[in-house]
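The first chain written gets the first letter, and so on, giving A, B, C, D, E and F; residue counts start at 1 in each chain.
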Amino acid sequence: MLLHLSTWQEIEDYLARSRTVVIPIGSNEQHGPTGLLGTDWMCPEIIANAAQKTGDLLVAPTFNIGMAQHHLGFPGTIALRPSTFMAAIGDWCKSLAYHGFEKIYFLNGHGGNVATIEAAFSELYAEASYAGRPRGFACKLKNWWELKGVMAIAQRQFPTGHGSHATPSEIAVTQWAYPDAIKSANYAPQVAPTGPIREALDFRARYADGRMGSDPGQATPEKGGELVAQAAASLIADVAEFSAEVAPA
Amino acid sequence: MLLHLSTWQEIEDYLARSRTVVIPIGSNEQHGPTGLLGTDWMCPEIIANAAQKTGDLLVAPTFNIGMAQHHLGFPGTIALRPSTFMAAIGDWCKSLAYHGFEKIYFLNGHGGNVATIEAAFSELYAEASYAGRPRGFACKLKNWWELKGVMAIAQRQFPTGHGSHATPSEIAVTQWAYPDAIKSANYAPQVAPTGPIREALDFRARYADGRMGSDPGQATPEKGGELVAQAAASLIADVAEFSAEVAPA
Amino acid sequence: MLLHLSTWQEIEDYLARSRTVVIPIGSNEQHGPTGLLGTDWMCPEIIANAAQKTGDLLVAPTFNIGMAQHHLGFPGTIALRPSTFMAAIGDWCKSLAYHGFEKIYFLNGHGGNVATIEAAFSELYAEASYAGRPRGFACKLKNWWELKGVMAIAQRQFPTGHGSHATPSEIAVTQWAYPDAIKSANYAPQVAPTGPIREALDFRARYADGRMGSDPGQATPEKGGELVAQAAASLIADVAEFSAEVAPA
Amino acid sequence: MLLHLSTWQEIEDYLARSRTVVIPIGSNEQHGPTGLLGTDWMCPEIIANAAQKTGDLLVAPTFNIGMAQHHLGFPGTIALRPSTFMAAIGDWCKSLAYHGFEKIYFLNGHGGNVATIEAAFSELYAEASYAGRPRGFACKLKNWWELKGVMAIAQRQFPTGHGSHATPSEIAVTQWAYPDAIKSANYAPQVAPTGPIREALDFRARYADGRMGSDPGQATPEKGGELVAQAAASLIADVAEFSAEVAPA
Amino acid sequence: MLLHLSTWQEIEDYLARSRTVVIPIGSNEQHGPTGLLGTDWMCPEIIANAAQKTGDLLVAPTFNIGMAQHHLGFPGTIALRPSTFMAAIGDWCKSLAYHGFEKIYFLNGHGGNVATIEAAFSELYAEASYAGRPRGFACKLKNWWELKGVMAIAQRQFPTGHGSHATPSEIAVTQWAYPDAIKSANYAPQVAPTGPIREALDFRARYADGRMGSDPGQATPEKGGELVAQAAASLIADVAEFSAEVAPA
Amino acid sequence: MLLHLSTWQEIEDYLARSRTVVIPIGSNEQHGPTGLLGTDWMCPEIIANAAQKTGDLLVAPTFNIGMAQHHLGFPGTIALRPSTFMAAIGDWCKSLAYHGFEKIYFLNGHGGNVATIEAAFSELYAEASYAGRPRGFACKLKNWWELKGVMAIAQRQFPTGHGSHATPSEIAVTQWAYPDAIKSANYAPQVAPTGPIREALDFRARYADGRMGSDPGQATPEKGGELVAQAAASLIADVAEFSAEVAPA
C-alpha cells in the first residue's frame, strides 16, 4: 500500500490494523560513469514497492535527498547538511507519530546516511528524554543490503569488485527497474580505488570517476531482479518483526 | 531529461548547453475523501515529466514534503516546519548552484508552500547580500495552475466548486496519471466550506472532510489530461523565458 | 491606546474587554532619492496611531526592521534575515499570547515582508499542530494599502507612476506625518524601471536610485492625509471584524 | 540626525564624514504600577534624540524589544529569547557594517539586556575570529545611567528608593518626554523588595507589583529633564571618544 | 564528592539530602608566556575539588571549554561560539534538573564567560516563562575570585600588576596544584597593556604575548595555596547559602 | 604532552613538528551499580595520558559530555542533544584548525557517541564542500576498544559477560586509574539483559540497574592495567599512521 496513492481515510483504516510505516530513504548523488544519480533512493523505493505488492506494508513517499556532501564535486548530486537532514527526519517522524504510527522503519539506500539518521533518531528520543516522557514511537534503520539473504546473493554475484560506492548490486537493482536507463562506459581502472571520505574536493581528487572500490560493469538487470526479490521478501519479515516488538511495561 | 535517471557525466554535458533546472515541489497531505495524499507533489511531477519528453528540460527529483502543518489532523499528512523547509530548500539550491546551475525553477503544487518557499529564496539571497557578493543563481517559483492557459481550462471545466484545496483540477491531473488509484465518495456538502487556515486542530474543526471550497466529484482523467498537456507546453515556454533572462551588468 | 505609554495594569484592564492587539510592522530601508529610510515602518505606525485616537484599539510598539536584504546595497537599510525575522515574530506573538491576547493583527508597511511574516505564522501554528494542541491565538497580516478604500484613493491620486517601491502614496503618508522631513530631488527617469527582486548587488544594478516603477514626485502631504484618514477608519473596521471572529467549536 | 528621517543619499553623505552610528536599545516591559511599558526603550531614544539635536550624531531606529522574559507575568511585556535577541542584533550590525559603519554604539535602557547584548557582540566577533579575518567594526554597549554625571544626579535626586527596576530616574525621564502619560498610584510598600531574577512565575511571586527596590513616586518631569540634559551631553562626548578610537595596526 | 567518581546510586542517595550541584566552568585559552592553557578551567576545578574534601559538596565534571573567541590567535586556545556555549549549558542544566537538582551553581574561572553564561541562564528561564510554568531549578554564577575573602588576599599578594588576563593569582593557583608544570619567561613589558576585547586578530595585535594588564612573574605556589584555601572555604559557605534559599510561594 | 598544561608558545613549537592532536571524548553517564559516572570519558583520558608519556602526542582537554540521552533516567547522567554535541565538536575542530592542526583524532569512550560524532564530521566537511573549498583538516574517530590488540585482551579476560554497557573492560580501566573509587555490589542477574536503545524512560524500563549485557563483577585493576598498556601503545601507532597520511594532490 503506497501512502501517496491513498486517501487520508484509507490511512485511518490502515492504522486500525497496523501502527507501522516504511519510509524508503536514500540520496541523490553521483554513482560513477554508469550509475544513475537516483540510485540510492530508487533502490529502497524499488524494494519497498515490490514488497508492498505482496505484504500488507504501508510505504511512505521516498525521502530522496540525504547526506551526500562528499559527492558535491560531481554534477547532479544534491545534498542536505547533516543538521538539515536531521531536522527533516524529525519532522517526518513527528508528523507520522501524530497520526498514531508507533513503528517508523527507514529502509535506507545510502551508507553515508547511516550516522546522520541514527543521530536524528537520538535527537528525537532526546526530546522525550529531557522532558521525562515516553516518545510514543520507535525508529529503526535498515540498509537494504543488510536485509536477510541479500548480501549472500551479492557476494555470489560479485565475488570481486563489489566495493562500497557505485556497487554492481545497487546498479543491478536500478537496471532491473529502469531498463531504459541502462548506461555503459569503459572503466579505468576496472576496479576503483578505496580510501577515506571527507569534503567534496578531497573526494573528487581521490576518486576520479566517482566509484569507490567497485566494478559496476558486472551489473545486469537479471541480477538486480534476484536481489530485489530477496530484499522484498526479507523486508516483509523484518518489518513484521519490528511491528511485533512490544515496549517494556 | 530526468536528473535521477542520468549519470553525472550526462549532467555535466547538459550544463554545457543549459544552466537551468526544474524542481517539482509540493506536499504530501490529505486531499479530502477522494484526493490522493500525494496529489500536491505528484501534479508538478506529472507535468514536469510530461514536459521533459518534448522539451530539453532537466527535471530534478521531486521535493515531496512541504508546508502542511495545518493538515496534520488528517492521517497520512507529512509536513515540514517552515524553518526546516527553508533549510532544505537552501541545501538543494546550493548543491545545484555548486554544479553551475544559475536558474533554479520550482514548479509548485501546493499553495500553502508559497510563502515559505519565497522566504527560503530570500534567506538564500540574504546570505549573499550580507556578504556583499553576487548569489550566482536566481530562483523562481511557479504554481502549476498559474502556467499560461491552465486556469482558463480549469475555469471552463469547473465553473463552480473549484475551491482552493482538493480541487477538481488537481485531482483530475492525478486521475489522468494514476488511473488505477481513482477513488470515489459521497460528498456532504457537495461544495466544501471555506475560511482561514491556522493550526491543525482548528483546520479539522472547520473542514470536516479536509476539502476547502471544492467539489472534487467533477474530476475526470480526461480533464486531467487536458490540463497536463496545457501545463507541460506552458512550462517549456516559461522555463525558456527564465533561462533567457540576463542578469544586470 | 498605545501599549508603550500604558502601565501593565492598564493592559490588564484592556484585556478584560478585548483580546486583540495591533502591531505596526515594516522595514527600515532605502526609499529612493526622496523617500525616508523609515517609510515602511512609519506608515503603519502613523495609521495605527491615528486609528487608536478614535477607536478602542491597542497598538503595540512598532516592529521596525524587516525583510530588506535586497536593499542592503543602499546605505541606511537595516535588514533581518528571514530566519531571524521569523524567530522574532514568534517571540512577540508568544509574549502577547501569554497575557491572553487571542487576535494578533499585524499592520504591515512593506511588501517584501509578506512571505516571511506568513511563514512565521505557519511556524507558530506548526508548533501547536505537531503537539496536537490548540494554538490559542490567531494571527492576521494586512498591508495598509489593502485596507478598504485605500488603493482606490491611491489610484485616483496617482493614476500613473505608483509603482511598487518608493511609491508616491507611502511617501505622501510620511510627508503628512513628518512635514519637516520632506525631501526633493530630480528623478531620472521620472518613472523608475521594474523587474525581479534578488540579492543586494543585483538589486542595485537594476534600480540605480532605489525606486521600482514609481514616480514619488507626485506625493504631497495633503494626499498623505487623505490616505491616512481612510486607512485609519478602515483599520478600525477591519480589526473589529477580526476581533469578532469566533473559533470553531 | 535621525536615520529613519533621512534618505539613503544623506546617509551616504554622512558616511563620508563619520563611521559611527548610535542605536537606542531597550525593552518593552512592565515598570510597576506607574511606569510605562515602553520605559526602557523610550529612555535611550529620548536621550539619543536630544543629543542629535546638538551633536552630529546619527541615531538609528530604536531596538525596542529585548531580554525581558522575567517580566512576562505582567501584561504588556514583550520579550525576545536571548538567542533571538542575539540573532537580531547580529543582523542589525551586519547591515550597518555593510554600509561602512565601523563603530556601532548601543545606548541601552535595560539592565537585563546587558549580558545578552555582550554575548551577541562576542558571537559577531567569533564569526570573524574563526574565519581568521578582521571583523571590520567594533561594538560598544553603554547603559544611559552610566553616562558620565548621570548617576551622580540620580543619587542626589533619589538618595533612597532608587532601586533597580522601575526606578524613579527612568520614570522621570519618560515623564519629561511624555507629560501626558504620567500615571499615579499608591505604592505598598513604598520601597519595593529586592532579590534574584529568574523565570516569570518566580518573578511575579517575588515582586507583586513589578518594582524591584524602587520608590518611583519620587519621579518628576523636572528631574527627568535634568537627567536627559546631562545624559545627552555625555553621550555626545562618549560617542566622540569611541569614534576617535583607532584599531591596532 | 566528585560526581564522576560516583555511581548513579550514590547520586540518588545524595539527592535525598541535597538538591545542589557545583559545576566548575572555565575556558581553555592562552594565558601569556607562562600561563597554562588550562588555567581558567583548572582553577575552579582545583578549588571545587579542595572544597568537596571538607564540605558535603557534589562537584560535577568540569565544563572546560568556554567563550574564548578573542584568544584564537594564540595556539592551543579552544573556544565555543556563544550560541554553542549556551546550548551546551542548557543541556547540562536540563540533564541535572531531570534528576532533581534544584540549585545549579557554576564556579567560573573565566571573565569572558560571564555574559554568555548569564544569557544561557536567561534562555533556560525563558523556556519556562513563555510556557507559563516554573523552571524547577535556579542557576547561580560565581567567579572564584569573587568568593568572599579571595580578592582581598590577591590584592595583598599582588598590589600592582594583577591585571585582568593571565593574572598572577590564577597562575599561582595552577602552580600550587601542578608544581611540575610551572613555566618561566622574561616579560616585556613587565606589566602588560590593557584595552578592549574584540575579535582574535584585533586581540593579538593589541596584546603581543597574550597578557592583559598583568605581571604573572609574581605568582608562587605558596600564594596559590593561600588563595585556594580561602576560596574553598568560601565556596562551601556560598553554596550552603544558595542551597538554603527558598523559592517564593 | 598535555595541551592544558602547556603554554601557547609550547603549542606553537609543537606545531612546527606535528599537525596532529588527540582529543579524548566520552560521556558522563550511569554505568550500572558499580561503574563510575565518568567511566566513558575517563577511559580515553586515561589511555591518552598514558600514551603521551611515551609517545610525542599532544593530548587536548577531555570532551567529557556526550550523547547520553537514553541514560537520563539514572541520576548523575549529563547529556548533550546530538545537535548541541555536533555544534560543540565543530567549534573544537575549527578552533584547533585555526592554529594549523590538520589531523584531529578523537579517542572515544562511548559507543553511543559514534553516530553523532561522525555526523559532526560530515557537517564540518559539508561546510567546505558547499563552499567549494578544501576543509584544511581531517577528522578521525577511534573507539579505544577498537585500538589494535585491545579487544583480543578483553575477550581473553572476559570470555562471557562483556556486554555493551558498563562492561568489565571499561570498569577495569577506571579501577586501575582510580583504585580509591572501586565500588562493589551484588548483580542480579549476574549478566544484564540486552535490547534496543531509545528514550530514557524506555531505557530504564528495560535495564533496571543500567547495565546492558554485562557482568562488571569480573573487572580488576590489574586487568585494567593490561588494557591500558595495550591501548596506549596502539594509540601511538594509530596516531602516527593518521599523521603520516597524505592528502590527494
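FYI, a contact is a pair of C-beta atoms (placed from the backbone, for glycine too) under 8 Å apart; a residue touches a chain by one contact, two chains touch by 3 or more.
Predicted model only: the values in this text are computed from it and were never measured.
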| item | value |
| --- | --- |
| Chains contacting each of chain C and chain D, listed by label | B, E |
| Neighbouring chains shared between chain D and chain E, ordered by label | C, F |
| Numbering shared by both copies at the chain F-chain E contact, with half separating same from different | same |
| Chain whose average C-alpha position is farthest from chain D's own | A |
| Rotation in the CA alignment of chain A with chain F, degrees, nearest 5 | 180 |
| Interface copy of A-B among A-F, C-D or D-E, judged by whether over half of the contact pairs recur | C-D |
| Whole-Å gap separating chain E and chain F, where each centre is the average of the chain's CA atoms | 25 |
| Between chain C and chain B, distance of the C-alpha-averaged centres to the nearest whole Å | 29 |
| Rounded Å distance, chain B centre to chain F centre (Cα mean) | 47 |
| Residue list for chain B, restricted to those that touch at least two other chains | 72, 79, 81, 83, 91, 95, 98, 129-130, 132, 200 |
| Every chain pair in contact, whichever chains are involved | A-B, A-C, A-E, A-F, B-C, B-D, B-F, C-D, C-E, D-E, D-F, E-F |
| Parts of chain B lying in touch with chain D, wherever the complex brings them together | 129-130, 132 |
| Complex interface listing, chain C residues touching chain E | 91, 94-95, 98 |
| Contact footprint of chain C on chain B as seen in their complex | 67, 69-70, 72-73, 79, 81-83, 86, 112, 114-116, 118-120, 122-123, 125-126, 128-130, 132-135, 138, 196, 198-202, 205-206, 245, 247-249 |
| List of chain F residues in touch with chain E within their complex | 3-12, 15, 28, 30-38, 41-42, 60-62, 64-65, 72, 74-81, 83-84, 87-88, 90-92, 95-96, 98-100, 178, 181, 183, 200, 210 |
